[in-house]
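Each of the next two complexes has chain A plus one more chain, namely chain B in the first and chain C in the second.
Let's look at the complex of A and B:
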C-alpha cells in the first residue's frame, strides 16, 4: 500500500463548512486517465484467443471467464423437463422486466427467469436518477452530444440517438405505470418534474425520486410483471447454458432450478438476455457497488454461442464507493451527493478535482491522490473524504429530505454524515462494453437479444450518470417488442448444446485449459458448486468415470 | 500399403471447382478416352477394381451396370445421385462443389459403358454451392469436343441434364430418384422391378452415388490393380469418411478403404473432446446399428463392418463420447426420420412419429416403463412394413441403442 495520511491527521486538516479552492489542474484529463485509470495499466488487457472476438483486447479476468468451458455436459440435461414459451427473458432487473412487459403487451407468451428474485438487481441500487431531455433548456440533441462525449466518442451514434429520443417517452411510460418522481418545489401534484444536473452533462436532465430512483422504478416494474398473467416468473433459476438449433440460432436456454436442484430446458422462439454486468468478478481486485448476481453470466453465454462483443476492456469505476468500514467496502455513495454540491477532499485538506467531471476522470483523480501519498488511511482502508458535513451546512435539511439513502448508509457505517465525512474510494461500478447489438437489441446470433448493462455500444468507454436507467428501459422495451415478433415463427427442430462442443474444440485447439468453467453464477466467496449441487444428474454423471472434472 | 489422407478424390490439385480446362490439365479426361478406346472393357475393369456403391449399400457397381449394358432399349439413363441429406454425411456436396468434373466424367464413362443416352445429375438444392458448380461444369462439358465423340460411339444424341432434387430425405432412395426425374413426387416404389430393368419411364436406369462415380475416371486411367492396391486389409480403393460428433477435428477424410475405426477417430480425428472415453459411433448416418468400444478395431470397409452386425453406409461416423446421452441422440434421429417419412406407407408414417414421441417423453424425464415396453413392441412390429428401407433404418437405431445402452434409458424413467 502506498504511503497515506492517517485519518486523524486528515480530520485535523479538514474543517466543516470550509470551502477550499480547487487545486490548479496541471494534467489534462486524457493524461490523468492514461496514468491512473484501471482500464489503462500495463496489465489492463489481453487479447482473446478464441471466439468471434479473437484478437480483441479484453480485461484479463473477464477473458478467463469468456474463454472457459461450459458448466454442463449433454448427459446432465438428459431427462430434464422441457418447457416451451415464445419469449424467454433471463434476468429480473429493470431491463428484463421492461422487456417482459412489452413482449407480453405484443401478445407473446413470456417466461421470465431470474437467478435471484424478481427485482434483485443493480436497478434497485441506481440512486441518482434517470436522464431524459424533458426541460425547456434541454434537447435530445444535447443529450446525444453529452453521451457521446462522455463515452470518448466510442459509442454507436445510431443507438445513442435512438436512446435519447426514447427518453421522454420512457419517463411517460414509467409515470403511467405508477412511478413517483421528485417535483419542483411548491408545485402541487401534477407539477413539473424536478431536474438536476448530472456530472458531465450540459443541462439539468436527471429526473429522480429522492436518492432511490432505481428502487422506486423497480417497485412499479415488479408489480406490473407480477400482476401480468401473460408473464410466468421463475425465481432462483439461473441460466447455465443457452440452447442452439442446428443452424446456430439461439433456441432457448438450460436453466438450473436452485430450489428443486434440477435442470430445466426452456425452448423459446427468442431469448432475451438481461443479466447485467460483471462487478462481482471484482475485476482488477476492486471492491464493487454491484449486487450479488453480477457475475457476467450473460456475457459468457452469449459469447460461447457466437455473439460479437465490444469494449471488453472498459469498465466504469464509480468515484465514491465506501472505503471504511471494510465490510461495506464498495457500497455506493450516490452521485446525488456530488451533484447536490458535496466536495471531495484529500488528506491535505485540498480539493483536487472538479467533482462534476465525468466519472472516469473523478475516479482517476482519487486513485492519483491515493497513489501519490495524499490519500487518507483508516484501519488499512485507503480513500479520500466526501465532505457531507459542509454540504449539510450549506443546504440545511438536505440529508433528511433528499439524500435519504446516504443517511441510511452513514448509519450502517456507524457515523453521522452531518458531523463526519465519508471515506470513499473508487468502486467497480459498470461494464461499459458488452454484447454488440442493433437498434432492436438483437445480438449477432439470430434469436438472441441482449439488453441492459450486458449490452455494449450505448455508452462508449464511459457512461454518464442516469443513462443506465434510460438504457435498460429504452432498449428493454424495444427488444421486448422485437422478440415478440418472432413468436410462433421459429420452432427449432432440434435444440441442444451443440455449440458447446464446437466451443470445446476451439478451446482445445487453442491450447486453453478446459478445467475452468463459467458462468460462475455466484461470487467466488459464495462457495456454490453446481456439480455438487446437482443431485439429479449424478446418477447419469456417475457413468462418466473418465471425465476429468 | 499406403495410408495417406486425401490421395485420390480429394487431392488438393484437382479441387478446381467448375473449371474444365484445369480438370483436363490434371489428368482429367484420360479415363473417358480410355473408355472410348475400349468401351467393351469398362465393366470388366470396374468389376476387377471391386468398386462398391458408396451411397450406403456397398453393392458391387458392375452388377448395376452389366444388366443395363446388356439390355436392348432406345433410351437408357445414368443418374448421379447427389441428394445427400442424412445427418452426419457431407461428402457428396464436397465432391460436387470442389471437383464436379471428376463426378461428371464418371457418369459419362458409365454412359459409354452402358450405351446410355441420358445423363442426369441429381443434386440437392439445399446445397446451393454444389448445385451451382454442377450446373456450370455440365455447361462446360456440353461445349467440349469429347461429347461428340461419345455421341459418335452411342450413335445417338447425348442428353446432359441437372435435375434439382426435392431436397427431402426420401428423395435419395433410388426409386424416389427415378420418380423425381420423371417429374413426380419422390415416392419410393416397390422393388423389383429394379431400376436396371425398369427405371425412368420404364427404361433401364443406373442410379449411382456421387462418390461411386467420382472413383470411375481414376480406375479407368490407372487400372483396376492400382485401385485395389489403395485399400487396406483386403478392401479396395479409398473411402470418404464424414467424421463428426464429439471429436476434436471433425471433417471429411479420404482414407484407404478398411482403415480401422480407432485410427480414424484417434489419429485423424484427434481423439475425443476433453479426452473423454469413447462410447459409441453411429455409422453411415443414423440408420445402422451402433458400433461401441468393443468395435474400435473394426476395419471400416463394407464387409468387415457388416461382420460386426452393422453397416458402413455412407461412411459417416458420428462419434459419441461419455458425457453425451444416447437417448437424446436417438430421439433426434428418430425425429429426423419422422420428418423425412414420405407418408405413403402408414406403418412408417405412424411408426416413426410414435417412436419419436415415446423417445422424447423419456428424454424429457416424463417416460415410464410402459413407454419403454411400447418402444420395444414397435421395434418388433414395424420392420419390413414400408416400401423402402426408411422404417427399417429407424427401427435399427432404436433397437441397437436399446440393446447396447439400456441402462441409459432405464435411468431416465420416472417410474
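Let's look at the complex of A and C:
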C-alpha cells in the first residue's frame, strides 16, 4: 500500500462546518484519467484473440471470460425437458421486467428466467435516481449533449437521442405502474418534480424517490410482473448457453434449474438478454457495489453466439464506495450525497476535485490522492473523507429526510454521519460497454435482443448518474415490443449448440485453453461448481437453503 | 482480527467478528447460490434468516446481509416461497379514485380480519409498524398506510407471519401503487410530454455541444 495519512491525523486536520478551498487544478481531466483511472495504463487492456471482435481491446479478466469454453456439451442436454414460448427474457432486474411487461402487453407469451429471484438485481440497489429532462431550464437536447460529453463522445448519438426523448414518457409509464417520485412542493396534481443535478450535467435532471429510487422502482415492477398472467417467472434458473439454429439465428437458451439440478431447453421466437453487468468478477481486483449475480453471463453467451460487442475496456468505478469498515468495502454511498453538496477531503484537509465532475474524473482524482500519499488510512483500508457532517450543518435535516439510505449505511458502519465523515474509495460499479444494439435493442445475431447494462452504445466510455435507470426502461420497453412482433411465428428447424463446436475450433486454432469455462454464474467465493452440482442431482432427496453442493 | 464461533444451517463455523451472516457463511467455504442478492445493502429482501442469539430465548427474523455475527449465534435461512393464493388486481383497471377504499376491501378482503397479534411487526426486519399500516388501509387512510411501507423491501416475512393471510407488504404496495397511479400528475412532466408529442423538442445532432470541443 502507498504511504498514507492516518485517520487520526486526518480527523485533526478536518473540521465539521469548515469550507476548505479547492486545490488549484493543474492537470487537465484527460491527463488525470490517463494517469490514474483503471481503464488506462499498461495492463488495462488486451486484444481479443477469437470471435467477432478479434483484435479489439478488452479488459484482461473479462477477456478470459469471453474467450472461455462452454459450460455444457450435447450430452448434458440430451433428453432435457423442452419448453417453448414466444419471448424468453433472461434476467429479472428492471430491464428484464420492463421488457417482459411490454412484450406481454403486445400479446406475446413470455417466459422470464432469472438466476436468483425476480428483482434481485442492480436496479433494486440503485439509489440516486433516473434522468429525464422535465425542467423548464432543461431540455432533451441538453440531456443528449451531457450524455455524449460525459461518455467522451463514444456513445451512439441515435441511441442517445432516442433514450433522452423517451425520458418523460418512461416516467409517465412508471407512475402508471404505481411508482412514486419526490415532489418539490408536495403537490401531486400539477406540482413540480423534485430535481437534482447529477455530476457532469448542465441542469438538474435527476428524478428520485428519496435515496432508494431503485427499490421503489423494482418493487413496483416486480409486483406488476408477478401479477401479469401472461408472464411465467422462473426463479433460480440461470442461462448456461444459448441455442442456435442452422442459420446461426438465436433459437432459445439452455437454462439450469438450480432447484431441481437439471437442464431445461427453452425454444423461443425471440430471446432477450437482460443479465446486467460484471461487477462480481471484481475486475482489476476492485471491490464492487454490484449485486451477487453480476458475473457477465449474458455478455459471454452473446459473444460466443457471434454478437458484436463494444467498449469492452471501459468500466465505471463509482467514486464513493465504502472503504471502512472492511466488511462493507465496496458498498455504495450514493452520488445523491455529493449531488446535495457533500465534499471530498483528503488527508491534508484539502478539497482536491470538483465533486460534481463526471464520475470517472472524480474516481481518478481519489485514486491519485491515495497513490500520492494524501490518502487516509484506517486499519489497513485506504480512502478519502466524504464530508457528511458539514453537509448536515449546511442543510439541517437533510440526513433525516432525503438521505435515508446514507443514514442506514452509516449505522451499519458504526458511526454517526452528522459527526464523522465516511472513508470512501472507488468501487467497481458499471460496465460502460457491452453488446452492440440497434434502436430496438436487437444484437447483430438475428433473434437476439440485449438490453440494460449488458448492452453498449448508450453511455460511451462513462455513464452519467441516473442514465442507467433510464436506459433499462427506455430500451427494455422498446426491445420487449419489438421481440413481441415475432410472437407466434412457426418455430422451424433444429435448435442446438452447434455454435459451441465452431467456437471450440476457434479457441483451439488460437491456442487458447479449453478447460476454462464460462459464464461463471456466481462469484468465486460462492463456491459453486456446475459440474459438481449436476452430479448431486440423483442424490437430492430433501433440501434446504445452502446445502453443500 | 477477532473471531467468533456460531452455527449457520446447523454447521459450526468461525468467522471474523465484523462479518455479516452471509459473509461468515461463504468465508467458511460453504456454497451460497440462493437467498442472496444485494449482499449488504439490505434492499433486496432475499437473505431472510432466523436468528437466535446466545442467552436469548426468542428467535428473530432478520436479513442475513445486514446482521453481524456474534458468539454463540444460531442462524437458519428461510427459503424464499411463492404463496399459492395471490391477491390479484389490474392496476390499469382501477381508474375511479372514489372507489379506492372499496378496492382495498375487494382485493385484500382478509385485511379487515386483522387479529392485532403483532406477528407482522415482530417479523419485520426493518422495524416497520406493519400492523398499523394494515389497519390504516382498512380505515381508508391510504396515504398514511402507504407511508408505513415506505421502506419496505418486500422480503415477505410479514406475509409468512400473518395467521389471517393478509399479505401485509403486498397490501401496502397495492395502496402505494394505487395512490401514485391515480394521483400523481406533475405539472412539469405534463408540459414536457406535451412539448415532445407536438414535436417541439427535437434533437439537433449537429449542435456545437453534440461534438467534442476542438
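Annotations for the structure displayed:
Keep this in mind: the second predicted complex is superposed on the first by the 527 of 549 C-alpha atoms of A that agree within 3 Å, B and C clash if a C-alpha of one lies under 4 Å from a C-alpha of the other, contacts with A are read in each partner's own complex, and residues count from 1 in each chain.
Heads up, the rule we're going with is that a residue touches a chain if its C-beta (ideal position, glycine included) is under 8 Å from a C-beta of that chain, and two chains touch if they have at least 3 such contacts.
The model shown is predicted, which means the values in this text are computed figures rather than measured ones.
Look at A:124: by the touch rule set out above, it reaches chain C but stays clear of chain B.
Contacts of A:157 after superposition on the shared chain: chain C is touched, whereas chain B is not.
By the touch criterion stated above, A:168 is placed in contact with chain C alone, chain B being left untouched. Between chain B and chain C, C touches the greater number of residues of chain A. Taken together, the two complexes place residues 544-548 of chain A in contact with chain B and also with chain C. Every residue of chain B that touches chain A in the complex is listed here, in rising order: 246, 248-250, 273-277, 322-325, 327-328, 332, 335, 339, 360, 362-366, 408, 411-412. Interface residues of chain A facing chain B in the complex, by the touch rule stated above, are 69, 73-75, 77-82, 265, 493-494, 496, 501, 504-505, 508-509, 514, 539-540, 543-548. On chain A, the positions that touch chain C within their shared complex are 116-117, 119-121, 124-125, 132-136, 139-142, 144-145, 148-149, 153, 157, 161, 164-165, 168-169, 171-172, 175-181, 183, 188-193, 210, 212, 214-215, 219-220, 222-224, 226-227, 235-236, 258, 291-293, 325-328, 331-332, 404-405, 408, 412, 521-522, 525-528, 544-549. Every residue of chain C that touches chain A in the complex is listed here, in rising order: 8-9, 16, 18-20, 23, 25-26, 29-44, 46, 66, 68, 77-80, 86, 88-92, 150-154, 170, 173, 176-181, 183-193, 196, 201-205, 207, 209-212.
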